[in-house]
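To start, I am sharing the structure in question, which I have written as structure tokens.
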């Protein structure tokens, strides 16, 4: 099968769905510019022009409401934000209106708005450009929240979102855009609420989402060399959440590590732990471990930022601890100097 | 000791702190009007006038920013919202700026803004006037989030908030305002992050916050009649969270029910379950139960609203199930007709 | 009413529409207070009927209307179904939002009353989005949205004006300026010497003011506004100066609890939009007073019946508590979905 | 520079301040590109120096200044500490935000540079709040806040103008209108025939426009604005029309990647604010060119040294990763706190 990058997969899904469905429009600050939201909207703009790929003023709140108005009058808007952190400004329209619309107006129809938010890890983005607010949205019934890790899922979940009748938030970590993977040519949807076993294993379950799936895989490879068998579960979607795939895995392994790019408290890692505590209280042989950023805002300073971002190393350490094997990680962190060759985007 | 209602306790704390500290100002839509935010700001307005108790335009976002600007220039603003649901409009300033300020600007100083949000249970408030967004704010480091249940804590935590150097969100359920309790005359702070055992017990731990503490107490009383001993823990604060008091209790009882006025997924109930799964995997003899609203927005229709709001009955049922005692609740719900005599506030 | 002509004069019909809304709301307010069967916070437009009636008369049936929390009058003026609204206020399954939404979340797709919402300002942007949809798809439909003076203080108002003007969207922004936000007078919330109309104009939106108690003037301004928007002339803002007689929420009077002076309220009751319209028409149509009396009786009966039926109607079923949270989606845990997921997982 | 008079002429000093910022930013841009040691997205004001320099010259040292993401020039113009800024860009503990904030989160309390923020519009409301604090406490301090044309599209701009005008707060809103938001030109974001100044005026804010490349005009407008705000005349809005030579973020040029035409950028380089000011002064002060050359050398050396020192400075310690998330609070789990909690619990 063909190989695409994550951003190419999103771009392809967008163009294919827009071709199939003339109701789809794209709204966002700079969707039409030379950067094209990390290359994800460039092709759509080239193909469909300013009529359907619409640069908007810096008005996140109104744009979220505009998308709702358009969606409830026959269009299927996709709103794109270069940083998911800007979603707080759109949160009223998204949580108080889009998520509740179908229910609150008596099930006459839903709000098919897709909102893509980019998580800004990388190059010292700092406290207000590094957040992954997926749990914040996933707390609210009526929303769908997905955070694909693989290029195939980036395509498939976007296709699903653009065909669904419910408001959907897609959180994309920038670190994923250059990653390659096999992606089918057809615009096939990946259903919401179905996780996948990325790597089977017996000793420990690592539940992850988005970028952390790769960190989990790399941790699993490392641990495999030490004879430790890690099962990596990518839930793909936070709401609906595939409780069953989590529970089936933990029932087998008896050990759970949850890895997330957002904070532990009241976050994705909390929910996964709760699902297990709710369904399999006896199954856990060891404490659940949450591998997440420390409980502080994201710092800019390079070594602090590296330390702040949870990675394979922290997952390895958590797994070894659960197995009573001490605290050996993957190895010392790389040299404390940023590498040369960076050319943006920032 | 004297008895005050919850709203009187808030009013008294406000007036006492404003008397002691001339830097405190109150900002909010209608803080000066005849309703005085359920009577909590009436006395402050009468005592300090429009110079310090300031009615503001309907501009939640700017007001949150204004409070930050005032707080970082020597004042101590308290912002009051008649519905916590309006906080989504203020969320950018609160989460992206107030919560991160101290850290992001290098620990030069913090943002002592107190934000009170009223949770609107009652009289068919509906989907956008019934939410308890405490977990949403508590996910973000830098915030303090408290949700007092008792009049004494309403006073003590507000006093603490008005003296603290960090941005603090206080969530108040309207159902609490008329409740009475003993309240000390002095403005003594209740420290953040310290829960309290409301009622000791051995068989089951019910962890609750805000209004659910009363529901838990009433469930405990009911179960006591059946010889079941329930320990009720009021965490009082969601961030910092008193992990120790939760774990000490669950270590003794081996059974955990968490009761919350907001949804289960990614909410308070998830975090409490996670804390236990993280610290005491072996201690749980039975699955954790989350007693929360069902996974849908709040309906208006009276019987549906009654069913949507979690209550003592649901806590009783959860406890009995954990004890393998079937599904006997407190009894049939009251007659499906709203009672007469209601005279607002709506 | 036997002498009412078969083809009702459009001016007369404006009076009829106002009388109908007035009788409905007054009757609802009485029942609301006395019976407490409508368990939903309710914002009456009594005294403000001219704006929704005049503006909706200017719109075509296909045009869509949005409103804020003060929703009954726009809903009814646009032709929203009365029994469904009354059932909604009673929280019954027969309600226009199946009892889920309550007074502030009225909707009637058949009448193109596209929704009202409780959070200030939301429907200003939503109506702008509806207009964007009409614009993009080449429909000649217009979106109208009703909101108060208080809602214009929300940032989304300025954001929406800018967007609408930028793309010349077919939307008419109707501000019912009743001088208050809850109990806060305008001067306490907006600087002296400014006007909402001037702000709208500064955003590039064609902006007009109108006497909000003169239904004929409103209808005429509305016609010009809707025509301009429909013709591609871009958005129009209409500020209608009016007054609310009752308390902000609930059935009481505006002077209850000392919120406002009785003299102030009375001075506006003297400017009642219905009375004014009747006085205007009396010269050309002397039977108008009889008709009004007839309508009052007719619509009182209509609303009484709607209330009776709503009270007798069934509540929503408990088993349907969560229905409508999400659209019908194929169960993600079906065989098919799993098979598909496995295929994708295998691909990687 | 030996012939520079001891008491520097205020007009000449404006040139000096612009040259300093220019040399600092150009040097930073070169190092940023070539060495990649400043791992923080960086928005240069090259070509826009006149606005921060002129406005800050009009302010008193006690007045507080806020800025958005394009932060270096306002920070430096207000007297922010250069080594601390450069260390901040390098993520070092010696940074003005201890390496936590980066380029967009500069702060220097000693200079009353009260903070810059990355989220558009935030500091507009925050400066309004600072002015509220001055107002409430009777201080005669003024708050100034710098932001771009793009930030005025955020609802918080309108909300803040309204609040500031309502309470006649001592705040000066300074809009550096450079015609772009990232790569989006103004005409793609705001309706033709409108102006930001007119919108500010419609909110009741005294509003002025100025040639953003004429530092003397800006200083004069700034003086009037600050004086008015300080005297209780209420908020002032200043729209300064200017242009950014470089790319939105990063060290490249505005015409890189075809974002804008080289001709457009060149036409503005020809209107360089430094060159214009020098030309104005040359008649009265013929030594100005020598001075500029001297300053260029001096400030190049200053920034080179700051960069060298920043590179050599230590990183923050890992053990301090979470420090500053909260203020020092008594440990809630101390004996004392527990005792207190028990007392309270017992009371109930």
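Letters are used for the chains, namely A, B, C and D, taken in the order the chains are written, and counting of residues starts over at 1 for each.
As a working rule, a contact is a pair of C-beta atoms (placed from the backbone, for glycine too) under 8 Å apart; a residue touches a chain by one contact, two chains touch by 3 or more.
Predicted model, so just to flag it, every value in this text is computed and none were measured.
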{"item": "Of B-C and A-C, whichever chain pair has more C-beta contact pairs", "value": "A-C"}
{"item": "Chain separated most widely from chain D, comparing mean CA positions", "value": "C"}
{"item": "Rounded Å distance, chain C centre to chain D centre (Cα mean)", "value": "45"}
{"item": "For chain B paired with chain C, centre-to-centre distance based on mean C-alpha positions, whole Å", "value": "34"}
{"item": "Whole-Å gap between the CA centroids of chain A and chain B", "value": "30"}
{"item": "Distance from the mean Cα position of chain C to that of chain A, given in whole angstrom", "value": "39"}
{"item": "Per-residue multi-chain contacts in chain C, two or more chains", "value": "95, 99-101, 105, 117, 119, 153-156, 159, 162, 166, 189-190, 322-325"}
{"item": "Sequence positions of chain A contacting 2 or more other chains", "value": "56-57, 59, 61-62, 85, 89, 92, 96-97, 103-104, 126-128, 141-142, 295-297, 299"}
{"item": "List of chain D residues in touch with chain C within their complex", "value": "153-159, 162, 165-166, 189-194, 198-199, 201-204"}
{"item": "Footprint of chain A on chain C - complex, ascending", "value": "64, 95-101, 105, 107, 109, 114-115, 117, 119, 122-134, 136-137, 143, 155-156, 159-160, 162-163, 166, 322-330, 332-333, 337-338, 340-342, 344-345, 347-348"}
{"item": "Parts of chain B lying in touch with chain A, wherever the complex brings them together", "value": "61, 85, 88-89, 91-92, 95-97, 99-100, 103-104, 126-128, 135-136, 138-142, 238-239, 241, 256, 262-271, 273-274, 276-282, 284-290, 295-297, 299"}
{"item": "Complex contact set, residues of chain B against chain C", "value": "29-30, 32-35, 55-62, 85-86, 89, 123-129, 294-297, 299-305, 307-308, 336-342, 344, 346"}
{"item": "Residues of chain B touching chain D in the complex", "value": "1, 25, 51-52, 56-57, 59, 61-75, 77, 92-93, 96-97, 102-110, 141-142, 144, 150, 152-153, 156, 164-166, 181-184, 188, 190-198, 240, 242, 244"}
